[in-house]
Amino acid sequence: MPASDTATLLIHCPDQPGLVHEVTGFIFAHQGNILDLEQHIDPHENLFFMRVEWSLEKFTLNRDAIASLFAPLGERHQMWWKLQFSSERKRLALFVSKESHCLYDLLSRHESGELPVHIPLIISNHETLKSAAARFDIPFHHFPISPSNKVEQEKAQLDLLKHHHIDTIVLARYMQIIGESLINAYPNHILNIHHSFLPAFIGAKPYHQAYERGVKLIGATSHYVTTDLDQGPIIHQDVMKVSHEESVEDLVRLGKDLEKTVLAKALWWHVTNKVLVYHNKTVVFS
Amino acid sequence: MPASDTATLLIHCPDQPGLVHEVTGFIFAHQGNILDLEQHIDPHENLFFMRVEWSLEKFTLNRDAIASLFAPLGERHQMWWKLQFSSERKRLALFVSKESHCLYDLLSRHESGELPVHIPLIISNHETLKSAAARFDIPFHHFPISPSNKVEQEKAQLDLLKHHHIDTIVLARYMQIIGESLINAYPNHILNIHHSFLPAFIGAKPYHQAYERGVKLIGATSHYVTTDLDQGPIIHQDVMKVSHEESVEDLVRLGKDLEKTVLAKALWWHVTNKVLVYHNKTVVFS
Amino acid sequence: MPASDTATLLIHCPDQPGLVHEVTGFIFAHQGNILDLEQHIDPHENLFFMRVEWSLEKFTLNRDAIASLFAPLGERHQMWWKLQFSSERKRLALFVSKESHCLYDLLSRHESGELPVHIPLIISNHETLKSAAARFDIPFHHFPISPSNKVEQEKAQLDLLKHHHIDTIVLARYMQIIGESLINAYPNHILNIHHSFLPAFIGAKPYHQAYERGVKLIGATSHYVTTDLDQGPIIHQDVMKVSHEESVEDLVRLGKDLEKTVLAKALWWHVTNKVLVYHNKTVVFS
Amino acid sequence: MPASDTATLLIHCPDQPGLVHEVTGFIFAHQGNILDLEQHIDPHENLFFMRVEWSLEKFTLNRDAIASLFAPLGERHQMWWKLQFSSERKRLALFVSKESHCLYDLLSRHESGELPVHIPLIISNHETLKSAAARFDIPFHHFPISPSNKVEQEKAQLDLLKHHHIDTIVLARYMQIIGESLINAYPNHILNIHHSFLPAFIGAKPYHQAYERGVKLIGATSHYVTTDLDQGPIIHQDVMKVSHEESVEDLVRLGKDLEKTVLAKALWWHVTNKVLVYHNKTVVFS
């Protein structure tokens, strides 16, 4: 993690010779020093993927100018591209329900300075974790959800998120299906943690499903939320061994450690601008 | 692994106080010294599970007598039980198709003495691995399978298996669905290796399915074969990390290492009498 | 984890036939129902190891009577044995310095009810984490340590620990070597987390040592503290992959996740009475 | 793994702006299409590291010309660089002693086409594995080693290696310390597999050392051989969980699976030109 301010470009486009040379030429022309570059192609689909991060210390363009000057190059090669700056910390809203483990994990990483983000607010459909939020001095907003008020409440949530300039939503064990208005407002910017190794055990009570099937590993999956339940692009997954001795309650308890670390790792990659989404899959330049 | 000859009892039955005391009393009464005992209960279903292994060095009963003397105790408590001896090596038939990695892995473990079994024969629906079998001096039997001859060929296979006193079938990447006659003749004695983390990616081409979904881990699962495809009791599973850089061909290549080690480990537990099957799940006393 | 109250016996002694039968006979004689039993021997040293946990629901002995009635049996077989009750929650003192990650991890597990212990106090040689303790309403005691006051301060700490009936000390990244008076007062009851895969990288700055050596995995080790630095009985270890891209600062950051989970897991086994120490090694009946 | 022929450049040099641009400009100038590029810097030492692989399908330079034309660019920036071609398969000599598991593993990978190398010969200080080599039709050369003949025998081995144009030596559990004449003839081209998680348990009988210390994980490490025993640059490491139930003999048996897969993975990276050595550490562009 470089100490000084950096810029990062994520790119995908049809492949052709000379692309790396041209992009790095743009950076070099303005005195940028590249710190990290990863590029690969998908030969089956003739696609080019790249991430490049460079130091802004001696870079001669100011931030606003970079995008406008890079745009013609991108257009010439039909690039999808995204420019981000390490100094512009992501602004997170944490959505929670009754379980505290992911919330405490993220709040303690934030408080210690490990996780370089702003967390202006916590939103919940229950009041259970109000005191947890208070322990870390983060404003807590209670939005009880019922079938009759769901659309209206999500509209109110969206207003609140916009008011706080939130750019990333983290569903930290939020046990409520998010509606389309929120999803469409934050495409590939809502991270969920699902308590199974997707695509196994989609939907409700995955630990119960895992117990019934007698699997020897339990998992957790962090993915971006799309309108297809548990079907969005996977960012990170991990598993742990379990045995016949574990009850469903044991799986629930043990799985919390997976959920915490998988969500935190996926979020780390998201906030350090390492994740590119293409065709419902992620490229994680880790 | 004890050097001397041992006996092993696997037991499950309704739970009640005194069961461990009574079973160990039977062993102690005949001068048996217990080397290893594991017992637990399933409190939800009130079930008792146990594995006990004892030395036969000073045991005063001969083998044939043990079962007949233990039977009344088992009957009294409605026990399912199974008695096995370390000196009676399992007799394996390896079923293969065209891929050699699991076959070579098992044959080299057998040749070095690591895997304490007999392998009287290899059966295949193709001739591809005939030379591989020949390298390790194991008789190779070719049974080409077509929809029209399948029933007849499996009957011939069954005759051959019985002739060689085979007690365990290992499907070492055998790419042919086994028929009911074989499955019913070897209940919980046919081990398969499926190249995914079951229940994800059941059926054909799991690595292609994994690639399409964009998972970040690939897996392998060894299970006992039942008449429900890929639904039998799971013995062992493992996974490895993959990334966006891997093509389907890379997943296929990388997955071979998982398939080899997961199958070999499941087989190890099977041949050392560590696996008990109950209600389509395994208890692995590892 | 059984809901009702249970008793647990940990035992080691010279091996001989009949020991399991005799111990389980003691339990059965008083109407105890065994929930979980693990026993094995070390054939090289002729040693017997066992853990048995039984329900006290219908047990006819009261707690004080169990130990006195079991003592003659133990003496007869030269047993080391330890009797513990699930209802008697361990009383922990957390020792910390400046790093908050292990502290927050344990406090949030405690607060959510996941970790069944009492935490009457936190002790630190710095004031840095005073506010962290306050967030979770745990009394914080500051004991600044210098070469000149170390003996005296540890005496004061010991008085405080005794006053609060502390039975287990957790060094949650306490960066100060504990003196003999404390160690001898809490034999095999002080858990440390060392930030390396011991015995690699003993002593100070293990992540720097790991970086210098160019290892491809970093680790963490939780062990009981003895008077030999970083040489006590190992309870749990785990590792994670790292690469050439990680700086020392990255290793420090990544390693925190290992430290948290390894310490929490070791502590779980300690407080659920799963750990037996013999000859500077642990038997973890997990 | 691209189907067509590719060229790969590994580079390290002092960092400065424009290096990626210049190297990719060289490739683009001759119609090369880059398939994969990874670059990063070490900010503490101001070092630049890079691997780039490009297709030779439409490349306008022939192989011999590439190096001579690239040389001035490399010299201008004080680069260490290495050019390799996917079509030039590495020529391996396998050194073995009495244990067959790594040998069989590599030979079966080679026979199935998974490992794209030539293996012209096997060298051993014992005759034990002569029949194993014969099974796979690889010439076997027996060089018994004693203190009195060691220098002379290594000279004969070196002659044989040169005669067969061997470029990589794989010590596949060769239990004999290699002399300086061989090491100096193959700098960073001799791969060893050590049966511990280095730097823990350097030297003889690491599983015995691991058992004595009571570690909860055993490991294996593949590294390039230098004149400092077990101190060369580490290419790959992995571990597996063990418990108190495992005897030393169990650790030896279980560890074989680690040794096989760790050595095979390190060798894969070596033969696919993914490994760069710098200051006794490796950069693995995996």
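We just call them A, B, C and D in the order they show up, numbering each chain from 1.
Methods note: a contact is a pair of C-beta atoms (placed from the backbone, for glycine too) under 8 Å apart; a residue touches a chain by one contact, two chains touch by 3 or more.
Predicted, not measured: the structure shown is a model, and the values here were computed from it.
Between A-D and A-C, more C-beta contact pairs join the chains of A-D. For subunit B, the chain with the farthest CA centroid is A. Each chain gets one centre point, the mean of its Cα atoms, and the points for subunit A and subunit C are 36 Å apart.
Counting partners per residue, subunit A has 36, 40, 43, 245, 247 as the residues that reach two or more other chains. Every residue of subunit C that touches subunit A in the complex is listed here, in rising order: 1, 36, 99-101, 104-105, 108-109, 111-112, 114, 132, 135-136, 245, 247, 249-250, 253, 256-257, 261, 264. Residues of subunit D that touch subunit C in their complex: 40, 43-44, 49, 197-201, 213-217, 219, 233-239, 243-245, 247, 280-284, 286. Subunit B contributes residues 2, 15-21, 24-25, 27-28, 31-41, 43, 58, 241 to its touches with subunit C in the complex.
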